[in-house]
Structure formats: structure tokens, C-alpha cells
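Once you scroll down, you'll see the structures, which are given as C-alpha cells.
Presented sequentially are two complexes of chain A, the first with chain B as partner and the second with chain C.
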Partner chain A sequence: MHISDGIIQTPVCLAAHAVCAAAIYISGRNTEQEDIPKMGMTGAALFTASLIHFPFAGTSIHLGLFGLAGIILGRRAFPVIYAALFLQSLIFQHGGLLTLGVNALNMGAGAWGAWLLWRVKRLPESLRAPSAGFLGILIPALLMAFEFNFSGYGKGIFYLLTIYLAVAVIESGITFSAVRFFRKVKADILP
Partner chain B sequence: MKHNFVDKYSGIDSPVHRIDPRIKLIVSFVCIAVVVSDSRSGFAQFALYFLLTALLTVLSRVPAAHILKRCLIVSPFIFMASLFLPLSHILAGDTVHGPSLGASPKAALMILCKAFLAVILLNLLSSTEKFHRLLSGMRRLKIPSLVGTILALIYRSVFVLIDETQKTTRARQSRTPGTLKMPRMTVYGRQVAIIFLRSWKRSQVIYTSMLSRGFNGEFPCTRELSLSRYDLLSGGIVTMLFLAVRLWSF
Partner chain C sequence: MLKQIMLCGLGLFLAGAEPVQAHQVTFKTVQNYPAVIVRAGYEGAEPLSWAAVSVFPPDQEHSAWQNGRADKAGQFAFVPNAPGFWTVHVDDEMGHKAKTVIEIAESFFDNRERSIGSGEKDSAGSLGTQPLIFRLLFGLMIIFGVTGIAYGLMARQSLKKG
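Entry: the complex of A and B
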């Protein structure tokens, strides 16, 4: 899901950087000082948990957990995802410097989608949690397919979504299980 | 977990290492943008871009094997993105060789060239500078302070948490041997939750210790960075060389 430099058109990447700056400002407003270490540590947890590989169809997929980040951090998930991606691009060259804005917007949108869904309290938690995990993957995958299509790829790129659909189902199960665990062990982590 | 692999070669003394991290960040961003946005050049220009990056690598004294290894790690993603360009048109029933589609093998090869050049430049940036100095450079370049602080916190704690992840993975593997079954999703979910909970718990201790050291919302910016004429000149030359290749009409 990390788009490397050289794939997406440069004006799109630059525009994404500008939108990212606005999104960071909006999501970071009124952040309490004591929230910052939590955000940093959640970012580190997000970074490391994404290194867990889940066996799937003879291969393995790594977790994204944007839905879970959206549930726990709410709108503040965006700067955390941005920082984690920045670090990943510098340390592992996963994603690029120019595409950082695009990648952050894709994955941040997934987290924000999950957060908005999580806030619909009239739905039972057993439905909200897996759906949030599902959206956390599906929204970035959908945005990525549109961006690829905009950059010259054929409409066939949307077939890629079927793979991400399977990943989203796995993520929804894992997110549901994690939320259930939080509810039992430390319910105050869930807003 | 050993994490010296991150800036393993940052201690070398070379003309590239001596450049201020701010200049390196800006020049890397500009050079990547120049290469990536180049849609009209042919392979001759791209050969020159590769020559320039090779020259920078030699000047930096970072072993070429290290750069190649990092390229090899990300190569499956790049090859897949390149392969998907013609494939996406074939799947959609378009003509692959139509010049207007931009889906010719040449376009796919261009993606390969651009992506690998960007990876090499990014790798040179992270290999020729200590990570804490890069972070200082970013803060001095006025990236949002919230992002700068979160970046520093993630960098300081991520390797501790990778250890935690490895421990919990080992524990999970010993508890659940065998093939994949649906209930395994619960096991993975719990592992993820435990990592989040441990990080949450640590964040409270970290916050208390940060407060005791006078933390007031952001980390103090050290004054260790200073721009010299050498930094500006070397940064300017590298940028001009990349721009010259871009503007060159064969």
C-alpha cells in the first residue's frame, strides 16, 4: 500500500503534501501536552504491529491497523500515521519522500473513516469494530486505485481491490478481536 | 534489537556526510521531484541521472553493496507497480501498445528507473546523516512541531517495541502451532492489543520522565546545526546538475 516515488504524477504528490499540511493542522489542533507521548507511542505500536505477518493463501500479509488507530486516536490518528510513514520511508524506503503526502492521505483517510464509523454509537460495538477495521483498509486501497488510474494506469487496476478486500476482511477480524480484548482488560483506552 | 543499521554509515567522513542535514533534506526532495516529474526524457537522460547518483554514492563512501541491498528489498513492490501498468490496461481490454495510453513497455521501464533512482537518493539521505540530526534538521525546517515531536518519540521507542513484538510473536507461535484456522484471528488480534497496551503503559512513564526534564510540548531544538558556504555551494551544485540533465535536449 506504500506507493513509491515515480508512480504517481508529481503535481498530485505536491497537492497531497499541501492537503496533508491542512489535515495535520486540523487534526492536531488543541492537542493536550499529555496526549503527545500517547500519540508517539501509539505511532510506534502501529509501526511495529504492522511488522506482524498474517499467514494468508500460501503467503503472508502484513497488518495495516489504520482502523484500530482511528478507533483509539480519533482525528489525531492523522499526524501519527504521517509521522510513522515518514519514518518508514526514511528507514526502510517503504514509500517515498514525494509520495509521503499521498500515502499519508490514503491511510489517514482510512483511519478517519474508521473513527467516524466508531462514533456512531447507536450501532452495536460488535458491528462497529470489524467495520472500522474493514474501512481502514478498503478506503486507502480504493484511493490508491483511483490515484493509479489518474496517473495513467488502466481501469484494470481496480481488480487489485479484490486482493485488498480479502486483506480488509482479515483486518476487520483482528480489529474486532483487539477491541474485544481492550474492552475486557482496559476499557478506558476506547473512546 | 540492534538498530544501528538505520544510520550504520552515518559516521563516515566524506564530502556528502559533511553537508548540513537541512540542505540534504531539501536537495533530496528537489532531486527526487526533478527525476520523477521527468516524463519527456529518454533513456540517455536517465542513464545520466544514474551516473550522478552513482557519483554521489562514490563521494559519500557508503558501500554500493549496502545501497543495492536496500534496492533489492523494495524491488518487489517497484517491479509489481511497473508490471501493473501494462497489465492494468490488458485487464481493462485497452491496447497495450497504443502510444496515447502511456502503457507501453517504455512507460513501465520509466517507472522502474524513476522509482529506483528515488530509492537510491532516499537511501543516500538516510545513510549519510545521523538520524537525530535529520530530525533536528526537519524541526529547523519548520515541519509542524507536533509531527516533529511524534517522529522523535516514535524513533526513540520503536526499537523497544519491535523487541516486544518479537517476544509476543514467539509466545504466540509457541501457543498456537499448526495450520491457519479462523480462531487464529483472535490470537493475532490479542497480540496486537497487547502491543498497544504495553506501549500505552510505557507512554505514561515516558510522559512523567519527560515532564521531569522540562518537556513543554516539544523537544528543545539543539543549536548544533549551522549553515556554511560549503553546504549551500555543494547543495546548489547537486541540484543544478540534476536540473541540467532535466533541461538537456538530446
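Entry: the complex of A and C
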């Protein structure tokens, strides 16, 4: 899911960085003191999640936890995702620095989609939590597939979506379990 | 007599001209673990610039280990993974093809430990060469460090306001 340098055209990457700067400002302003530990812990979880790999369909898939980040942090998930991706790019070479903006927008959109779904309070929590986890992966995967397609890689990349559907199912289970755990242990972490 | 002289002259001409017209290909090989460097040239030292190259591992004549092109100087390299007789085909796509067989001895791999060791030593300062657990801890240290600094700064601001 981390797009490497050289795939997306440079002007698009630079534009994505500019959009990211605006998104970080909007989502990060007026951050409260009590948000900081949550952001730090979620950032550490996101940073580590990409190292948890599962062999699947001849390739290797890994967790993202963008849905869970969206549930816990709301709009503040974006700067945390950006920071986690920046460190993953520098330390693990997951994704490029030039495409960091594109990757952050893809995955941030997943977190924001999950957050918006989580806010629909009339739905039961047992439905909202796994759906948010599912959306948190599906939205970035769809965006990535479209970006690859527009960059001239053909429609074959859409077949990868079937693999990400499996990741989304796994993530929905993990998100549901995490929400249930937080509800029992520390309910105030969930908005 | 004239006919004999003409035939001798023609024979000498053909004998002298043959290597030039055939462009016999010569190979020079340098084996330096982990790579084998090959230079392909026409006889007379002209290189086979940008020739198509295929490298075949021992006992696999139909499954190429590597396909590519030589550089301007007719040079290319490959990294064998086993001892044996490796076959290299070159084709300048102008009608000149040649193949050579390169013997990779067991002793070629004797330098493996030393080469890998020196490689790690050269790039010891690079984070990418560190074990995964160190890189993970390094990243987590940065995240928790930044979180702590941000929390401390905000707590200080709150104290000042309070």
C-alpha cells in the first residue's frame, strides 16, 4: 500500500505534499494536552503495524490500523499517519519520501472515512467498529489503485484490491476487538 | 603459371581477410566475488557495444539466469550462486553471435565471508543495514520522544496560564 518513488509523477507528488501541509494544519490546530499521549501511542501502533506481515495469495500483506486511528483520534489521525509514514519511509524504506504526501493522503482518507462512519451514533457500536476498520483499508486501497491506473499501470492493479479486501476483513476484526477492549478497560479513550 | 599465381594470391587474400570479415568475438573475464565481469570484443579490441547478453547457469541450457545488455565498452557482470560451468551468450544483433563457458570454482566463494563482512563495515553508519529490531526501537524512541517533548511543552504552557 506504500507507493514507492518513481511511480507517481513528480508534480502530482509535490501537489500532494502541499495538500498534506494544509491537512496537517487543519487537523492539528488547537490540539489539547490530553490528545498528545493518545496521538503518540496511536502513532507507535501505526508505525509498528506495517511490520506485522501475513503471507497471502503468493504475496505478503500487512496491517495498517488506519480505521482504529480514525476512531481514537478523529481528525487528528492525519498528522499522526503522516509522521508514522515519514518514519516508515526513512527507517524501513516503506514508500518513498517524494510519494509521502500521496501515501499520507490515501491512508489519511481511510482514517477520516472511518472517523465519519464512527460518528454515526445511531448505528450499533458492534457494527460501526468493524465497518470503520474495513473502510480504513478499503479507501486507501481504492485510491492507490486509481492512482496506479492514472499513472499508466493499466487496470491490472485493480486485481490487487481482492488482496486488500482480505486485509480489510482482518482489520475489521482487529478494530472490533480493540474497541471492545478499550470499552472495557479505558472507555474514555473512545469518543 | 599465371593461373597458379592468381590462385595463390586469392588464397592469401582470403586467409588474411577472414578474421576481419568474421569479426571473431573474444572474451576477457575477471572473477571477483561476488561478481564475474566479462568484456566481449571483436578480435582487434573493438568492443561489442550494447550487445544482448544471456547467462545460463550450470546444467540449465534453456533457462537463463540473467538477460541484459553489455555497456558501451562491451562489458557486463553477473553474480553466480553456485560453482560450475556458466554459459554466456552474446549477440550484437548485427549478425555476430558468440558464446563462452566460464568455470566458477569452489574457491570463488571462499571470499564470501570476508566480502560480506567488509561490506557491512563500509556501511555501518547506515540505518538501513541495522537489524530490524534496532530500527523498530529507533523509530519508537523518536515517536515517544517527540510525544514527551510535545506533552511537556503543552503542560508548561498550561502551568503558565494557570
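Just so it is clear, the second predicted complex is superposed on the first by the 177 of 191 C-alpha atoms of A that agree within 3 Å, B and C clash if a C-alpha of one lies under 4 Å from a C-alpha of the other, contacts with A are read in each partner's own complex, and residues count from 1 in each chain.
Keep this in mind: a contact is a pair of C-beta atoms (placed from the backbone, for glycine too) under 8 Å apart; a residue touches a chain by one contact, two chains touch by 3 or more.
None of these values were measured; they are calculated from a predicted model.
A.B. asks: Taking chain A as the common reference for superposition, should the pair chain B and chain C be classed as clashing or as fitting?
C.D. replies: With chain A as the common anchor, chain B and chain C collide in the superposed model.
A.B. asks: Just to be sure I read the superposition right, which of the two partners does A:Arg75 touch: chain B = first, chain C = second, or both, or neither?
C.D. replies: neither
A.B. asks: Hey, is it chain B or chain C that touches more of chain A?
C.D. replies: On the superposition, B touches more of the residues of chain A.
A.B. asks: Quick one: is A:Val185 in contact with chain B, with chain C, with both, or with neither? Answer first, second, both or neither.
C.D. replies: first
A.B. asks: After superposition on the shared chain, which partner residues are touched by A:Tyr25: those of chain B (first), chain C (second), both, or neither?
C.D. replies: Once the two structures are laid over each other on A, A:Tyr25 reaches chain B alone.
A.B. asks: Have a look at where A:Arg119 lands relative to chain B and chain C in the superposition and call it first, second, both or neither.
C.D. replies: Touch partners of A:Arg119: none, neither chain B nor chain C.
A.B. asks: Who does A:Ala49 touch here: chain B (first), chain C (second), both, or neither?
C.D. replies: After superposition on chain A, A:Ala49 lies in contact with chain B alone.
A.B. asks: Clash-wise, after the superposition, say which stretch of chain B runs into chain C: 40-48, 76-84, 130-138 or 148-156.
C.D. replies: Here chain B runs into chain C along 148-156, and the other listed stretches stay clear.
A.B. asks: Go through chain A and flag every residue that touches chain B in one model and chain C in the other.
C.D. replies: 31, 33, 36-37, 39-41, 43-44, 47-48, 51, 83-84, 87, 90-93
A.B. asks: For a test of understanding, state which residues of chain A touch chain C in their complex under the given definition.
C.D. replies: It is residues 31-33, 36-37, 39-41, 43-44, 47-48, 51, 83-84, 87-88, 90-93 of chain A that touch chain C.
A.B. asks: Would you mind writing out the residues of chain C in touch with chain A in their complex?
C.D. replies: Contact set of chain C toward chain A: 127-128, 132, 135-136, 138-140, 142-144, 146-148, 150-151, 154-155, 158.
A.B. asks: Spell out the residues on chain B that touch chain A in their complex, using ranges where they run on.
C.D. replies: By the definition above, chain B touches chain A via 6, 28-29, 32-33, 35-37, 70, 73-74, 77-78, 81, 84-85, 87-92, 94, 101-103, 107, 110-111, 113-115, 117-119, 122-123, 125-126, 131, 134, 144, 146-147, 149-155, 157-158, 161-162, 164-165, 169, 180, 182, 185-186, 188-200, 202-204, 206-207, 210, 215-217.
A.B. asks: Chain B touches which residues of chain A in the complex?
C.D. replies: Listed in rising order, the residues of chain A that touch chain B are 2-7, 9-10, 13-14, 21, 24-25, 28, 31, 33-34, 36-45, 47-49, 51-52, 54-56, 63, 65, 68, 72, 79-80, 82-84, 86-87, 89-94, 96-98, 148-149, 152-157, 159-160, 170, 173-182, 185-186, 189.
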